[in-house]
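There are structures below to look over.
Each of the two complexes below includes chain A, the first together with chain B, the second together with chain C.
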Partner chain A sequence: MVLKLAYWMYEGTALSGIARVTGSMKKIHTVIHGPQGDSYINVMFSMLERFHELPPFTLSAIGRREMAKGSRARLVETVLRVDEEQKPDVIVITPTCSSTLLQEDLDAVAHTLQARTNATLIVPKVNAFRDLEHYAMDQFLTQMVATFAEEQSKSERFSVNIIGPSYLGFHQIHDLEEIKKTLQDLGIEINLVVPYGASVEALRNITKAHLNISLYQEYGKSVCDYLKERFGMDYLSITPLGIRQTGRFLEEIGEKAGIDVHAYIRRNLSPASLISRCVNSVDALSSLYGKRAVVFGDYSHAVGVTYLLREIGIQVEWAGTYMKAMESSFKQELQGQAKEVFVCDDFQKISNKIKETQPDIVFGTQMERHSSARHDFPCVVISSPAHILNFPLHASPILGYSGITRILDNINGTIKLGLEEHLVNMFGEDSQEEEVQIAIAEVAASTEKKELSAGASEEIKWTPDALNTLKQIPFFVRGKVQRNTETYAREKGHKEITLEVIYAAKAHFEK
Partner chain B sequence: MDGIQRENGCLNTFCPIASVAWLHRKMKDSFFLIVGTHTCAHFIQTALDVMVYAHSRFGFAVLEESDLVAPSMTGELSSVIDEVVAEWNPKVIFVMTTCSVDILKMDLEVSCKEISKKLNFPVLLTSASGIDGIFTQGEDKVLKALLPFCPTVEEEEKEQSEERKSKWFFFNKEEEKPVEKPKVSNLVLVGAVTDGTAQQLQWELKKLGLDKVDVFPEGDLAKMPVINERTVVAPLQPYLNDTLATIRRERGATVLTTLFPIGPDGTAQFLKDICQHFQIDASRVEEREKQTWQELEPQLQMLRGKKIMFLGDNLLELPLARFLTACGVEIVELGTPYVHSKDMKAELETLLAKQVPIIEGPDFHLQLKRIQAYKPDLIVTGLALCNPLEAMGYRTAWSIEFTFAQIHGFVNAIDLIKMFTKPLRKWQALQEHGWN
Partner chain C sequence: MIIANYGKGGVGKSTTTSNLAVAMARLGKKVLQIGCDPKSDSTFTIAGRMIPTVVEILDKHNYHYESIEPEDLVFPGYAGVHVVETGGPPAGSGCGGYVVGETVKLLENLNLLKNYDVIFFDVLGDVVCGGFAAPLQYADLACVVSSNDFDALFAANRICDSVVEKNMSGYKVKLAGLIGNRCDQKDLLQTFCEQTGAPLIGVVPRAEDVRQSRVKGYTLFELEEMGEPVQELTAEFLKMAKYLLNDPPGVIPNVIGTREMFEIFRGEDTGHGRNSA
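On to the complex of A and B.
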């Protein structure tokens, strides 16, 4: 074993990858074979995706007793109960990082149990200890498709399968809506989306489509390769992010479907279009053109956003991805697009690199948002790792033409706009933060003053204990607490504020 | 103990590494190094939402596969710790081991001692394995690791004896006068509560005549209180069983059997039992309790007669349910991961006297059926279950909020009770706008 220091992780675990696949599908229940804490997967679904139903994951816990006497009995009991109560089509039995270390043969358990369950039992063929989220998704999606896909006659009209969208991805459900709308506008049917919303029954019919479209580069391509090899299905693997890639995406689909997509592209990029009016606006001359940006994220978003930034006149100082396994294709893809192209999964290093580069704007993950805030750089979040803020309620795709408008809006909301920048450069800042700083300074000063003027006659005195308590209160409510307590003390005729007065004032105001 | 049912569950809870969320804020100049897998880091990052502290004094030593299984982890651990020291310059490092370390049967004790010696500051080993613990129990392990920093002798006594040893030739005359210090017992409140909470309890006790009340742990290693055979320990949190057992065994201190100072009823009993032990007048306590209940009255009106169910999560369930019964709430089921009959004795007696159904390690799937039968007005449970239960038409309170809020003592009682009434008020408010 080798130890490696990490503060934050860019990619999730194999378990989270498998859960994203199974949790996105219909009538599939996952039995997680691991210690207590591994049921955190449920929290991700119920909190980030705001699940209104119980997330389809059940833990078969490995506790002290299972460590001593073996975990098989508990696993069997859990699987049988899930089968009986949930009646799923498939039960996926998955190990976790730590249970992988037990080196149990889950395949053998599933094999003997299969005779006793209605559901099909599947054990993911991944190494839950070693593999990471996207690789596990890629492998497991392929395994699921390979298990259920059957030879079917093609649909009458040209139809496609969309491969990629899943829960807990970065705006992926929003992307799906955008792609659906685009395909509908072009008159192309969707046969199936995988894994989001797919059932086992639907997987059986996956071969009805004429074309597979893999939306993201991190996973999904293996499914396409499998379907091409086994069933001769054609596929394309382009992430439609930015003007050029969206155009390429549409053109290739058009070519395969025998549809002319150029009118559609023109409509979205004509001088009358919103995108064009924004990018060509004279205001953008100073707000976008020549700005120095840095880009970091997963593969698809780092590549796509780098293209887009170049397309709207922003200079990309460097572009990086944490997808280490995709290093060579990343470098090849972005060669010449940014001054430096690299692969790195160390959060601290990226943070330092941002600081050294001093960019005008940062495009990164939620972690780069933090790093940027620390060094006071504006930041637009364009990739996982995500945060609850990346699960917005209103339509917010990253892909397609709507994705471009959304990113432009985000840039405008993040950096200083043209005229604004001129004014600030000429006359200096007059920001709210300054006011907040002043307010803090005032509270601090008056607190200090109280401390010094312990002998003054008119002011209400604070005893050292009480003053200490006041200082423990977070600064943003401290002023209010101070005022309330003093008002209360005056009303009650206290000459001195003691702990007793503070506590009584609290009770008084919070009743 | 009789009257407690047992099931084989309570699995929707966090593992003990989650306790870094509050412990790294409590312990000054510390660093928490979690030795575990990728999952540990991913869990803390995604489920606990501690990304608010993006640059925090905790990190992960992630186990990675290699062809060789090292005979000793000292070298590996040491180089990770060197990185931590370079970045943070901590005064103490807590090495928290996890399930994987447990499963691999790795023993890091010798390594930690060696590194500690090399760096000349404490590198403390604590187990945060989820194999046999839930998230609040991480605090128990850390407090236990901190116990050696509690002196057994008063500082003055020690100084005097040391002075005598080193400077005996200067202070010959004073040496002739034997210093007789009265051997008094000290009171130590045990639990990693906020400074504000500790101060409130110290203030209540001061009003009763106990001037010197210590708290364990202090945020500073150098300021840990004396714990010896004359010490009286009053536990503040219900999940500190290992720490308390060690205090009993190694220090011979008296651990009070009383209610936890949560809610006016619990706080009153807690203070009364301390007073009784120190033989001081406790008559003021009743007045404080009465006054606090009066302050809670508007909230109480909302709670009386309501049915509340605990699904079990953070081990605070017993004191919280006991407080609620005092508020006139009917506890339809008190699920809790684990019942320590010795350290929970007073709570258990109070609850069982009121026939509150207690279930240790409740099975959620059975609970789901019971929820439908009980139709509780409020369900207290973990983050994994709140939203789905809300969608089923139940009101919920996040149990983790009780871990992260200041709920001890008389002064905080109002905040505590509002954590139960707020979801009910929210529901009422939404209903008035047509939601149901």
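On to the complex of A and C.
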């Protein structure tokens, strides 16, 4: 029996989004108002993130009694207990799919309870049933900032707020370290990072900064818009991924801060820099230039990586994102950068598309890594949904100049390099001996089956001679040769593949 | 001004709401009537047909909320009154309360509640769950439609309770009062209003014309235009419309205890009481 994954989401739920914000902040306690299973978000934190203390979550469970008698009493009791025992600055009462289905009026509960708690009670203005992770983050971050931001005088030196880095984001904490280092090198102060590590007190001082910098395009811009409208704060929303975007990012900051950043950019891109040496080496020229890649991920990473690949001479066959709400700006942004630009949130379609395209390398989410493994293509993971290996212990940013070198290392470690390609050509097949034996056995078995039920399947037979020749072909192109030969044979109406058919197919494709 | 109309099932909420909506339009107001009932027949008399519901329109857009414009959901009807039907799941399945509650919030998100002088919510029956209470979160005033009998007043009392509850939770909604419908007499209504402190906004007598108009898909005002002798009825609706447009302060009612309800009305309800003698 084969189990088929019928439904799977690239983006998390609204609850994941809210929890990423609250979990990233200090002295914020999250009360999840839902049934037992809705506290799964704690598990994600404990499995993936590498901190000493888990963010404080408490489940106010909706059980049988609450369904029958209303869940208000339970929620009131939970909030009062959390307030007394944990003494947080803020208690966020999160709606869940269940509380939304029950149409529970959490605002009303918070309103009546506020007089009895020391903590500020906040109910995210998010529809837990309908909204998705990034939209919820965008809305809720704005709500938090709007609740606490106060008019303050500007800091003496030019300072910025970094908006974006949060727990469970894709390499975001590493990105933050890289951006911090960059700004430090430029002599720019950081006033506040939101939400990572921010407290209520810090949010009150958010307006001390001269500029807001939103690092990711999926969320954070609403916060900037709010602060601009309410407090007249200037902002900048660029994801510094790749050579050009990082340069643009630095130049714009330099312009706003009145600092000349060109020396810094030159230092990082000079002929002696790591990036230049990597991109201009003979090996890179022969192994990267003209290779065919496909890109899929969230908005920021799919866009940024596409730029970067173009910059190092890799051809992008197609670039896609699952951020359906951002379809038009995605297409506009990448127009002309890839042969095809699209939006899709069906992982099966992406998997099939990879198989059809037969790229040299895939850049995708953990789901594309699985799909690529199945079709035997090398894959670099560049976006959430992520796995434990995307929460590495060593410094591994995606953004900024260090991000570029890290991605280049990653590509070199994944793609078949020039010399390696030749070596595998000469000596490669032995290590795959076992695999070939299995393949032969499978073909033999299916041939037998076919004889029993003639004409039931469309699979094409390989003669033992032909199979032996197939086995001689290096493993990393074997699949491709097999598929091409079978397609050719079908087109020409051959019932089985003999040595002659192989050679004819070879001649045909070499033309 | 946002007004939410509640009342026991079958008491004539939709008919009353539609006539009030048209009366206000006649008085020069821009009016929107939102039917909050999975049966989606609230606005039949104004539109003259069953209009597509929000649920149906969402379905057509594959539930892409962001691609929906307010104009997609609103239909013009008689006397320039605009109408919306929330819709809901088929009878006997799904959760009507969820759909109504969510749809009301969607209409608010779409800024639809901002462009009118008066908005009526015509809500299914009693406040039976969180979903059907959602209109109270946006309303300035609540009206209860009731006939002159115990069962309708019993439901009215529960609705009063919801208004009190919403006020305790920080919402501004006040009870504008009761509207008597299908009343040959009004003694029980008056008793109830005295006890709860709710004003009696108006009383519409039991009349075959009213029932007929509903089935035919006309408001009384349209019937009047067609030459039917319903001036007395339309006059009553115009009177009530003026009262409501005058921005009455409304009350937070004194809710009557369930046991007390039985004691007060014991034997008084000649229509239903066993010991009416």
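A few notes on this one:
Here, the second predicted complex is superposed on the first by the 415 of 511 C-alpha atoms of A that agree within 3 Å, B and C clash if a C-alpha of one lies under 4 Å from a C-alpha of the other, contacts with A are read in each partner's own complex, and residues count from 1 in each chain.
In this text, a contact is a pair of C-beta atoms (placed from the backbone, for glycine too) under 8 Å apart; a residue touches a chain by one contact, two chains touch by 3 or more.
Because the structure is predicted, anything quoted here is derived from the model rather than measured.
Residue contacts after overlaying the shared chain place A:Ala325 against chain C, while chain B stays out of touching range. In the superposition on chain A, contact of A:Gly63 is made with chain B only, not with chain C. Of the two partner chains, neither chain B nor chain C is touched by A:Val477.
Using the contact criterion defined above for the overlaid structures, shared-chain residue A:Leu102 touches chain B and also reaches chain C.
Judged by the touch definition given at the top, the superposed model places A:Ala395 against neither chain B nor chain C.
When the shared chain is aligned, chain C comes close enough to touch A:Thr112, but chain B does not.
Chain A has more of its residues touched by B than by the other of chain B and chain C.
Once chain A of one complex is fitted onto chain A of the other, the partner contacts of A:Arg130 extend to both chain B and chain C. Once the two complexes are laid over each other on the shared chain, residue contacts for A:Gln36 go to chain B alone; chain C is not touched. By the touch criterion defined above, A:Ala73 lies against neither chain B nor chain C after alignment on the C-alpha atoms of chain A.
Put simply, chain A uses residues 101-102, 129-130 to touch chain B in one complex and chain C in the other.
Only residues 11-18, 35-43, 45-47, 49, 51, 54-56, 59-66, 69-70, 73, 76-77, 79-80, 83-84, 87, 98-100, 102-104, 106, 129-135, 195-196, 199-200, 203, 292, 295, 298, 365, 382-388, 390-391, 410-411, 414-415, 418 of chain B touch chain A when the two sit together in their complex.
Against chain C, in their complex, chain A makes its touches with residues 100-105, 107-109, 111-112, 127, 129-130, 325. Contact residues of chain C toward chain A in the complex are 65-66, 95, 97-98, 101-102, 105, 129-131, 133-134, 137, 166, 168-171. Across the interface of their complex, chain B is touched by residues 1-9, 12-13, 15-16, 34-40, 42-44, 46-48, 50-55, 59, 61-64, 67, 81, 85, 96-99, 101-102, 129-130, 132, 348, 366-367, 370-371, 373-374, 385, 387-388, 465, 468-469, 472, 499-500, 503, 506-507, 510-511 of chain A.
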